[in-house]
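In what comes next, subunit A is part of two complexes: it sits with subunit B in the first one and with subunit C in the second one.
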Partner chain A sequence: MVSTVKETAEALPGVIEIAWLIPVIPTVCFFLIVFFGKKLKGKGAEIGIAGIVAALALSIPVFFKTIGQLGHKDFHGYSKSVTWMEFGDKEVLELGYRIDGLTVVMLLVVCFVALMVHIYSTAYMKGEVRYTFYYAALSLFTGSMLNLVLANNLLQLLVGWEGVGVCSYLLIGHYWEEKENSNAAIKAFLTTRIGDVGFMFGIFVLFFAAKTFNIQAITEIVEEGHISNTVLTTAALLLFAGAIGKSAQFPLHVWLPDAMAGPTPVSALIHAATMVVAGVYLVARMYTVFHASPDALQVVAIIGAITMLMAALLALIQNDIKRVLAYSTISQLAYMVAALGVGAYTAGVFHIWTHAWFKALLFLGAGSVIHAVHSNNMSDMGGLKDQLPITHKTYLIGCLALAGMPGLAGFWSKDEILTGAFDSATHGSTVGWVVFISASLTAFLTACYSARMYFLTFRGNPKYDTSHVHPHESPAAMTTPLILLAVLAVAGGWIGLPGSWNQFAKWVHFGEEHAVFSFPVAAFGTLLFVGGFALGWAMFHKGKFRFDIKKSPLAWSYKLLENKYYLDDLYMGVIVRPIRDQVSRFAYWTNQNILDAVVNAGGAAALGLGKSLYKNVDQPVIDGAVNGTARITGKIGDTLKFFQTGNVQYYAAVLFIGIGISVAGFLYFN
Partner chain B sequence: MPVQWVLLLSAFLFSVGIYGVLARRNAVIVLMSIEVMLNAVNINLVAFNALLQETHLMGQIFALFVITIAAAELGVGLAIVILIYRNRTTVSIDEVSLMKW
Partner chain C sequence: MDWITDWGLTLVVFLPALGAVFMALTPKGRDSTIKFWALVFTGLPLLVGLLMLGRYQYSDGGFQFETNLRWIPSIDANYHIGVDGIALPMVMLSLLVTFLCVIYSCWHLPEPHNPKLFLALCLLLETGMTGTFVALDLVLFFIFWEVVLVPMYFIIGLWGGPRREYAAIKFFLYTFFGSVFMLLGFLALYFQSDPHTFDIVLLQQAGVLSMTKTAANLIFAGIALGLAIKVPMWPFHTWLPDAHTEAPTVGSVLLAAVLLKMGTYGFVRIAIPILPDAARTFAPFIGALAAIAIIYGALNCLAQVDLKRMIAFSSVGHMGFVMLGIATMTDVGINAAVFGMVAHGVITGMLFFIAGSIHERYHTRDIPELGGLVLKMPVMGGLLAYSAIASLGLPGLAGFWGEVTALLASYNPLEGLDLTWFRTFMVLGGIGTVLTAGYFLWMLQRVNLGKVPAQWQDKNFADAQPLELAAWVPLLALILILGVFPKLILDVTNPAVVELTQLLTR
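And then the complex of A and B:
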């Protein structure tokens, strides 16, 4: 395919020139850790950390270099590629990177969260099984995600995409000795795989329409209107199928809560920086395709609206602290998806940025709590405020940021999304209304379950076994990342303040940058936060408005939530079990009747052939030849032996006669 | 003196040797006949050296080697003959044809 991308003509600035090292370093670290990790003092952790530090150290100058250029009118990002493979004369697969505002923002998020997780894990995973391999997988995970973020063509992006999937499989199933955990890993892998099939078909559709895999080239071709609307809608929906799987949107969200089987820092990495944001990133990256197809965008928005509300409701009744966070992630990802769906591009990406900080913080904080009380369940926690002072303060900041307290990171991005949805709604879009109402309800519920999570964990009376469990604060390797992330959970949103201070909208925007801010919406958002948080506080701390929901008329709804809307059962009963059972039955039948028959027939044939060969070939022909040779030799020997008289003079006579004959012959013939 | 005379002497001695080796029964005579044959060869060697005027005296030197080897061979041969005599009180070659089928 001939690339139509106008490569940046002038030489790239030095640090951009070596930006390809950013994904390569952690990937190389993976191999180093696998081969040499166990022999080192830190069991491979030091290689992983060094690799991430190097990637971060490269990403920061790349970030500043790029945002310095973003103001320029005709700057569309840096791009560089080399030939990966060639087919025929013109068909070329490239391997390259593309750096623009979206890329550098993602680079910082991925590298920083990964670094925090790496440092945190040195203490959290200390003495755990497969410690070295854990670090190897973390490095590969980060490397794959960085590759996905930097890729300038869809195939390379797919490589990173699948790499992320494999690593999540490895890490979710880290404690695979328990069947439940390995099942969770398989579920995560297979569920996202369903979406991946769509993603791949999406890539093919775009390739056949645009004749290139290059993202920039596809963008330009779509902008010029060379591709029909139907094709674009198909491609966008197929790509979105991939995003649904990866970003755990309804109806493929079922794998994410189960993915909590992995070690907690892995959950932080999966939820904040890698894996699940890959889906949202894909939609943002290919936004031109979506934008050109209003139908596809509406689907995106509706899926987001359904998912966010559904997941927020589920988060409200979970007992496992990590599952609360898992459903919270699904819900927040749906916020991003819905934002992209209603055209609030900057807001959606901004939410990736802010969400990364506070969700990583919350997961690492939850890890610290779990570390202290040795249980995932909030019914075993409570009153940890004084024993875990640092964890408590940082966790509170995380909860408030998630709930959307004004001033903290979560508020600004959530506000932008609400504003975007409201904007779309007031421009006459029904879907805009759906998203706005759903997002408002979700914001309220988010504040409520954040409060519930916080109060059940840190306030009230201890519910753990006080005679056996003595919680104490985690080591510095775990609290330092918490503090750093807490700072970002507060200040991370300030780059996206409304109005002319909004730096983020200058870096990441689609078409005209519009940093809309509406005071009524912000006030409304604040109200939702206060209301939700207060309700959570009243219900789960003060014990007001409590009623036994199981005996109330609402019992059916509780049952529905408790069973996760029966979606797992539905998939299990309708899809997995029938197919699996049929397949296994068919496989067994095939095995017995076809494969075994073939094998047995082969055996019998070989046996018969062997017998006949023995009888007809080996015995008469081969043995006959051997024995015959021996017999003939014996006969000849019997005849000739009489020449051997034992008389020396006879021998001498023969010798002389022989010489005489030789000499005579010599003289005659010469 | 023409070389033919010398060669005729050598041929005569060699023939006597062959006759002795093939026709006589006594092992000691056989051994002596072998010596006669070897000496015939020595004469031949010296004669040809003189005829060809070979300055390095290769013929004579070769003859010396032959004499040495003949002495060694005779030593071994006589030892065998003596052992046979001790075991079987005879040195007749006809009666020691044991090394056959």
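And then the complex of A and C:
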């Protein structure tokens, strides 16, 4: 047992004691749905919903219990574990959970968004193929995600991490009759898996440095300074490789836009609010390791800075509404990553929280629109304001929250991140400047593409075929989640108001960090929002400042964006296709024509030798002497011939002669 | 019920052979009687095995249920058998898988129809396999090792696919070729030990063997070659795809689930503990071959068209992980190896079962010809996906633990082994896991998903049948149970592995 983990001396509060049920219930629901779902009235959806309601019902008291303790000085979170397995003399792997401020915040996010998506899907997925399996996968996803969040050790976290990955694969490929959808699923799984290998190696490095997988124990050992800087940097960068894959950061972000092939509620849950933030969560969870290595943190910040801008630019030119949201998600995740990179820990986690509400809202809203016009393309939308009143209002709130309108959820977290970057920059960090500038440009672009998305979808003239498509508002099962999420997209940020009202910073903080508020930065952020949104409005609603970019001197840049910086082509052309089609075939060629040829040649040579011995030695020389024996052997041979027609006898004879010679030789030389 | 402690193991080994005799005495044509005897004589050993599990002392790392009788005094060969935490999982695996194969055979037997011979050979095979895992005497080990060859040779050669004769002879001779060197090694061990002995336990004791470093290395190389062909390690693996592709379903299952493990087991039981110093010299080479096998196996899988052949090549990669674990010579690595053997046994056995059942219905195993299988047979397709995902090492299913711990071990191999090399192997293994995921998902995409091709649209395929499911459910359950509770295996193996690794560091 790892001695450094201090189990809470007194018995854990009742609800904490049974917190292990939180991930277990949805996981059990998965099996129930798989085995019994189809026979039920709700085709399994009711089990899924009941499971997630139970998980949420447990999470809420866990949340309050925990934040009630967070003020206490000696409180480092609750933890409880059993031995999962032992190997060697000393190594122990536990199965357990750890509950602190970061955990409970994530619990609420995961459970609440999952519940919204479960309810929403009853209407959205109605009549779709594999409805029951869809709910089974959602339940398994939720269970795995909750396991990831609660895990007290890195291997257990990896189990949840891969579990959500495989559910993501299953759900992206839900409509697998079309090959491109299953392609997208495979791409998502393999791309993230590349990062996961790094993550796994990072776990190894930490394990052998700290002699434990336990996160709290590793944290303490790192804090005590027992691990060298090189090791920490290596470990942090390897862990970050996992985060790059999972949280779709450059250069492994390419899978997330394709992942939009899955049903839209899946995108809301997995590819916006929960799974994709797992990478950010990992960095936050292991922040001590990152914090101890300034080099690693700089890499984190730079990757974030590159990704946010790169993705925001792509979001600006998409026609598919889900792809706008996908690139937006990449960009916003990069915001979180960069925040952690510049040391704005609370701000980064706070953005997980606010982003979850407004981005889930946007995805579900987009689903409602898609439901109405039967197309993902904004070129088939427009003017939907009146036909979809609830969707419209909630979507507008989502767009404004994303764009960073003061007062709404997105504003507060974005402001904190900008402040954090600015703070780092003014303390002499070049990387701080890079992040600040990139984040500012991104904020401007975000407001711009949010406006573009809103106006192209809901305002202007209808672009769909009005004679065939008659959009109407979605049923209550879909609009209710929209309304609830819209409330959170407005009010969700209020728990993180700057200054002494800031509750969030009390729940989630690293060291003695203060939530800083800088009026100039807030004003600057507001300016970026107003400017970006106004530009989007002017360009895409009013038709001002429009020009045909394809014929302008900037045509090359458009081409670059249209081709997604050619990264997909690079990966497919240089890595995937060569390995899949050429390297693999060459390997098989060597197998058949070199390795196996040697074996066959050996066999043929032995056969030849045998035949020649038979002809030249056996028949003329020995046969005369041992004719009687040979006749018996021949009889046996005849019988055996029934079974096969090969020449085993010859080979065997040659081999036995070989043994004899070798044994004699060995004995002689000894 | 002390007879279990004294004779349980012997019963487990020889009951199937006795069953084969019973079946030989049953007149041909009475198929149901023959199937009944086969079920009884694979079921009983399994039952005895389960009873032994109840009596096994799990915290004890030594040998249990030992029997040691004089057998051939003139060469000091004894009937010495016993199990420790390394052998026990292997024995149980053999007992279970053979029993399940018999159940499967009750549903479907390969052509030409001859249940009497086919099932009798399966039973003989079981005796050989379990015998290999319990033998604590080199002569006994060798005999059981060779006993396995004959039934499998006939199973492939008589009931196999179009190229069955080539595959059967290749299987037989290649393994036999290796066993010759192994036997030479055993003889050398005998003559180098003082007092002369074939006893595996005695040979492991300090001071029993005395020889020069070169001699030890030569002997190790001989034994290792014989074992390596069986595993099979790269580049000695070329018999495997042919044998697997041509063998009837049950033959492939037994081959993958149990026979391959005889090779890796031999390393853990004989080669490494008896010759630890030579093992240390060879470990980097073994590790290198293992890492090559992982990558090479995966690349070959990508190039395969035949489903069974692809699964066969996937075994090359998976056994690479097992050998990598062994090559680290650490407690973590050897635990990983034993876990990996069991996991590969249940997962790949399952994959071969499904591949066989698919072939039974479609009469083809060509991956590009299949497609939309889930639409035709939801249960079968679901099980194929489940097994494939288990095989690619998803955490929470059995395949994960063997691989991740093998890689973990190669980050930090036994002291004295080259860190740079082993960490390179680790990275190669990591890349291998990505490639593995790649070929399995690609296979699933082409076999399971997509629309049903025109040629199958009007065909009606019966989804998984009750007897098929009866044979599969235990494996399917084990894949999940071992994935969630790896402790079930590791609690058995760890004490024995710790004892073993103490031999390596002394």
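One rule holds for everything that comes next: the second predicted complex is superposed on the first by the 579 of 670 C-alpha atoms of A that agree within 3 Å, B and C clash if a C-alpha of one lies under 4 Å from a C-alpha of the other, contacts with A are read in each partner's own complex, and residues count from 1 in each chain.
By definition in this document, a residue touches a chain if its C-beta (ideal position, glycine included) is under 8 Å from a C-beta of that chain, and two chains touch if they have at least 3 such contacts.
All values derive from a computational prediction rather than experimental measurement.
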item: Which of subunit B and subunit C A:I317 touches, first, second, both or neither; value: neither
item: Subunit C versus subunit B, contacts on subunit A by residue; value: C
item: Partner chain in contact with A:I483 - subunit B first, subunit C second, else both or neither; value: neither
item: First (subunit B), second (subunit C), both or neither touched by A:L595; value: second
item: Touched partner set for A:E86, first subunit B, second subunit C, both or neither; value: second
item: Touching partner for A:V205 - first (subunit B), second (subunit C), both, neither; value: second
item: Partner chain(s) touched by A:L567 [first = subunit B, second = subunit C, both, neither]; value: neither
item: Overlap of the subunit B and subunit C footprints on subunit A, listed as residue numbers; value: 644-648, 652
item: Subunit B - residues contacting subunit A, complex; value: 18, 21-23, 30, 93-94, 97-101
item: Residue ranges of subunit C in contact with subunit A within the complex; value: 154, 157-158, 165-166, 168-170, 172-174, 176-177, 180, 183-184, 187-188, 191, 235, 237-239, 296, 299-304, 330-332, 335, 372, 389, 394-396, 400, 404-405, 407-408, 411-412, 426-427, 430-431, 433-435, 437-438, 441-442, 445, 449-451, 486-487, 490-491, 494, 497-498, 501
item: Of all residues in subunit A, those that touch subunit B in their complex; value: 641-642, 644-649, 652-653, 656
item: Interface residues, subunit A side, partner subunit C - complex; value: 83-89, 91, 155, 158-159, 161-163, 166, 169, 173, 176-177, 179, 182-183, 185-186, 189-190, 193-194, 197, 200-201, 204-205, 207-208, 579-580, 583-585, 587-588, 591, 595-596, 599, 603, 606, 643-648, 651-652, 655, 658-659, 662-663, 666-667, 670
